[in-house]
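Chain nomenclature is as follows: A, B, C and D, assigned in order of appearance, with residue numbering initiated at 1 for each chain independently.
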Amino acid sequence: MIKVRQKQIDEDDFLAMRKDVLSLWPTGQEVDLDEAVEYQRNLPDSKKFYKVLQKVHEEGRTVLFPRSGTPIVEDEIELVRSLNDLGIPLIPFTTDSYTRNLQLDKAQRGLEDSIKAGRSMLNGYPIVNHGVLTTRKVVEACDGAFSPRSSRLANSLVGEVAFASGMTAMPNSFFGWIGGYDKKATVEECIDTAQYLGRLIGYYASKGVIITTDCHGWLPNGVIPMSVNIATQIIEALISAEQGVKSVMPQVNLQGSIAQDLGDIRVTPRLYRKYLDKLGHSDVMIPGIVGSQVPLYAFPRGMGSAFGYIVYTATVAALGQVDACFVKTIDEAIGIPTKESHIESYQAAKWVLDVVRTQEFEIDNEDIRQEESITEAEVTAILDKVLELGEGDIAVGAIRAVEAGVLDSPFSINIHAKDQVLGVRDLKGACRYIEFGNLPIPEEIKQFHRDKVAERENVEGRKMDYYVSIDDFWAISKGNLLGMPNFNNNNGRRGKD
Amino acid sequence: MKAKPTIITGTVGVDAHVIGTKIVSRALRDAGYAVVELGAQTPPEEFIKVAQETDADAMLMSSLYGMAEMDLQGFKEKCIEAGLEEVLLYIGGILGVSRHNFQDDEKRFKEMGFDRVYPPESDIQLAIQDLRGDLMSKRKFANLVMES
Amino acid sequence: MIKVRQKQIDEDDFLAMRKDVLSLWPTGQEVDLDEAVEYQRNLPDSKKFYKVLQKVHEEGRTVLFPRSGTPIVEDEIELVRSLNDLGIPLIPFTTDSYTRNLQLDKAQRGLEDSIKAGRSMLNGYPIVNHGVLTTRKVVEACDGAFSPRSSRLANSLVGEVAFASGMTAMPNSFFGWIGGYDKKATVEECIDTAQYLGRLIGYYASKGVIITTDCHGWLPNGVIPMSVNIATQIIEALISAEQGVKSVMPQVNLQGSIAQDLGDIRVTPRLYRKYLDKLGHSDVMIPGIVGSQVPLYAFPRGMGSAFGYIVYTATVAALGQVDACFVKTIDEAIGIPTKESHIESYQAAKWVLDVVRTQEFEIDNEDIRQEESITEAEVTAILDKVLELGEGDIAVGAIRAVEAGVLDSPFSINIHAKDQVLGVRDLKGACRYIEFGNLPIPEEIKQFHRDKVAERENVEGRKMDYYVSIDDFWAISKGNLLGMPNFNNNNGRRGKD
Amino acid sequence: MKAKPTIITGTVGVDAHVIGTKIVSRALRDAGYAVVELGAQTPPEEFIKVAQETDADAMLMSSLYGMAEMDLQGFKEKCIEAGLEEVLLYIGGILGVSRHNFQDDEKRFKEMGFDRVYPPESDIQLAIQDLRGDLMSKRKFANLVMES
């Protein structure tokens, strides 16, 4: 029996829930909501995420919005300053994996060990362990707007501490957890958690403090079109909006196909607007969009190729005139990047973002328009089906849709995902489905996918199956979009033995 | 003697990187092994418990997030305590944080009791060959003619 | 009195001239023309420059055509092999500056010192000192087609040694010498020299061996439109064609403005064809074109920014679907690149070339078409004027045109250049003239330039003058297309003191 | 005493990189100096000859192509022989081949007798300030109020 509903949490209930959340770790007591609202109110515009995005948008620029975090507070301050010095106005705040899984005692140990060893033993900043007072020092250390990253288990507590510390954005992306961060949670539990953060942001909003939510959607772990990802982003935006969130930032995952990426950049904010308006959230703003090097392809290991991939992605982002751009670093395939790698990587990306945006170059062609209309048709079909399944309630619909495989994506971590869909690239490098699972994609569009896949089958003389899907998954790291059967790792294809 | 060797797979600790272990699991199945796929974020204790329950022959653990060393402190000892000293322990993925040498990882994990340690992006077919050899030399599978 | 004419050198005269050329250095005696023709005939297709270009063109790829050379032969072999191993089929062959200036005894000393010291004391490979037998070892060491670089004084001898060694392409770019390599030579002397190399290639052609000439045109030392560069490339092609050259490769200098670069890529081969046909050289083929990161802007010093510039240029080249692409290395602003820098740089470029070309992405818009038609109008006006000045003889016309400033380009090394033209970028980053000198550009097009320049003057509130031109010249190295007045080196603008 | 100091500019040896020396020359002229601009590819001997002819006060030499050291072997000594020991010698550009330290270049060229050595991409206005100071301290121009 589904209990969750698309409905704002009652204020008293919410305040009661907060007590539980804040009692999870001693630093919870540092959070005083009224004082936090006051603190947020006094922040300069350069620390308000939506204001920064709006300004960047007006100026016609694309700024970097990287990822990074390190446990020791002095190091973190140095890191955010060095990012800010590079001209980066949107400052990421990656928390470590123990924190994200609410294993705060392990995070504590990792933090202490890190301090003792003088080097990081955690893969991010343990924000809860550091608490509000310490974290404010980081926020105040540079002139940028902060957005912390977490996952489901710690989402509520991380949000509480982060906003009280002066951070002004945070993902509230429950499909992200299903795709990549949470193995066992049910969709309902995920929505529950997201509603809490939405309600918290809504509370701030009711006091005039606008905090932005970035929606990541179902993390796309493989070579597939972004339709499910975009549809699930919009569901996340709707769930957040209902709780009072007033500012959402769409994310467009750049996959390497220029036509498909630019098509997605065009269609994503339009569809956000459409469904937000349709479901009564016309007052929710979209201050800007972020292009992300996120489809989770393995990254090239060689430095040159890694730079190639980073700069290329930034170029496409700039051609698409997105407001912010997330790229990885040249160390992505190796390990947590060094400070130098961060700087060199972002300098490369920044170089091209600035050079391309200056040109106000308009880019359009038949392929882009085609991808745009295909994505639009797919996302619309999926969302309409979800609403239908929920009988108008998007929360209920989302739960039923995952159950039914109406929302589905491959290689997800979550055990409730059907995992019946799969994709490969077509001859020009666009991502197409080879297995549709139960996705409610219109028949003529399925046929389009099949035709494109058949074209490649003809040219390469091999069946486009699971193994090709994995070949394609590795392709970018090997220097192309189309996978070859003989990449070094063989992709688990049955050998001769 | 069992018909097929039983292999346990999964990522250890709270590591969320499930793609690799899914591919590893499918490759093992394709190669004719019985695979118990624990998926991502599997605590070390769960590996041990399931190995006992399924009378496993090997564990092929993955870890990419850089904290495997912390997660697996004393793991081999716990395996021995649990009567699993004969179970082969393989691990692969990205075993350290930041730029570092695989040779150091290998040494460390071997000292921790792992039989084989694989560098990032290893060819899983080669690992399956290793596995076959190791299982045969343990003479648990005197004549291991797998399907592949 | 101009003596040179657009007329093929008589065979006997030519053979007599050869004696003088070959007697300049003992290794000249290693060149036996008949044996060399035979050697060339037996080369595999992969060593024939035009065949490689044609193949690449058919396959729809863009390959790298770098620059590099090092004095010690074993090092050079290692270098060309490592380039070839990266998948580079067009192998450059940079000669050192002493060789280019025919100071062969200094080159000899530099070579010997290099061998003694075990590291290079020369900035290239002294091909004449090494001679045919040694250089054949380099050519045979890898599976690529070679093109040596020289400048005027050594051009004839370098050509003789290079072709006899199995190289199958060479620039014959006398305006390149005027722009960047030869201080005092008259245009007539330059044409004389180019006619020799053309005649030598023509001789090979008469025996069925096709050697390609790449035309660089007047080296563009600054922020200016490429019209004069393209016009002078075509003049070089015509001079070479008259001597019997059967294969020419246009070079499009990529300046960083996508619209302008793509416009130039479209228009350049078309104008080559037009003038080759018009002047009776329909049998000269254009096997492919090369996009070059050549406008001689100072390069970014930081590694990240340098990668940004390299990958960006390669991206534009691939979007323009050129056949070959020359990019610099991340060490460009620092010094002669290390082998590692070569490899990383080309790996980055190759990554993006392959990824972009796979997509067969068609790119077009109003801006590109506008740049295309402007370049076309300018080049046509210039070339028609040159022909008019020469009364139909392009060689005579070229000489008179430089004298009259009808052909002109800033910051040239040659003392005969007028140096009365200057340019800046417009608001979108395209290069425009601020000083037209005596260029015969049609009035309405001059007005277009003036309007674009005025737009930027209005926005920036400063006059677009010499100082801005220099600011813009430095801009790319500082991370944008438009120069700022406060770049660190101040550009010689008068300070407060 | 001359009205204006006379400065000789140019790139040395067979160095073709003329852009920088053109900019340097214009900046000197803008700052009120008399400039004898020799342009690119100027042999060391020509610098000396012209300095004698024009009674020059300084030479601002450029070299980018990495072979300045070879080109300028014994240059200061030849200047002295030619009676030019008082002429200031400045050099700028890229003074070594491949990745290297500017500090090493500076040391080497100072040992070779250069008064000032400038790293790549130096601000020419700062160099002009140095020049003014050096000329004044040589007391050749007791009261050097330049136009700038």
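Criterion: a residue touches a chain if its C-beta (ideal position, glycine included) is under 8 Å from a C-beta of that chain, and two chains touch if they have at least 3 such contacts.
Keep in mind that what you see is a predicted model, and the values were worked out from it rather than measured.
**Student:** Using the touch definition from the top, how many steps at minimum link subunit B to subunit C?
**Tutor:** 2
**Student:** Measuring centre to centre with CA averages, how many angstrom lie between subunit A and subunit D?
**Tutor:** Their C-alpha centroids are separated by 57 Å.
**Student:** Distance between subunit A and subunit B based on Cα centroids, please, to the nearest Å.
**Tutor:** Once rounded, the distance between the two centres reads 31 Å.
**Student:** With chain centres defined as C-alpha means, what is the inter-centre distance between subunit A and subunit C in Å?
**Tutor:** Distance between chain centres, rounded to whole Å: 45 Å.
**Student:** Go ahead and note the Å separation of the Cα centroids belonging to subunit B and subunit D.
**Tutor:** Each chain's C-alpha centroid was found; their separation is 69 Å.
**Student:** Would you mind listing the residues of subunit B that make contact with two or more other chains?
**Tutor:** None at all.
**Student:** So which chains end up touching which?
**Tutor:** Applying the touch criterion to every chain pair yields A-B, A-C, C-D.
**Student:** So in the complex, the part of subunit A that touches subunit C is made up of which residues?
**Tutor:** These residues of subunit A touch subunit C: 256-259, 300, 302-305, 307-309, 311-312, 315, 343-352, 354-356, 358-367, 428-429, 476, 479-482.
**Student:** Which residues of subunit B touch subunit A once you look at their complex with the stated criterion?
**Tutor:** Within the complex, subunit B touches subunit A at residues 14-16, 18-19, 22-24, 26-27, 30-31, 39-41, 65-67, 70, 94, 96-100, 120-125, 128-129, 132, 146, 148.
**Student:** Which part of subunit C faces subunit D closely enough to touch in the complex?
**Tutor:** So the residues of subunit C in touch with subunit D come to 97-98, 100-101, 103, 106, 110, 120-123, 151, 180-181, 183, 221-222, 296, 298, 301, 331, 333-338, 411-413, 415, 466, 470, 473, 488-497.
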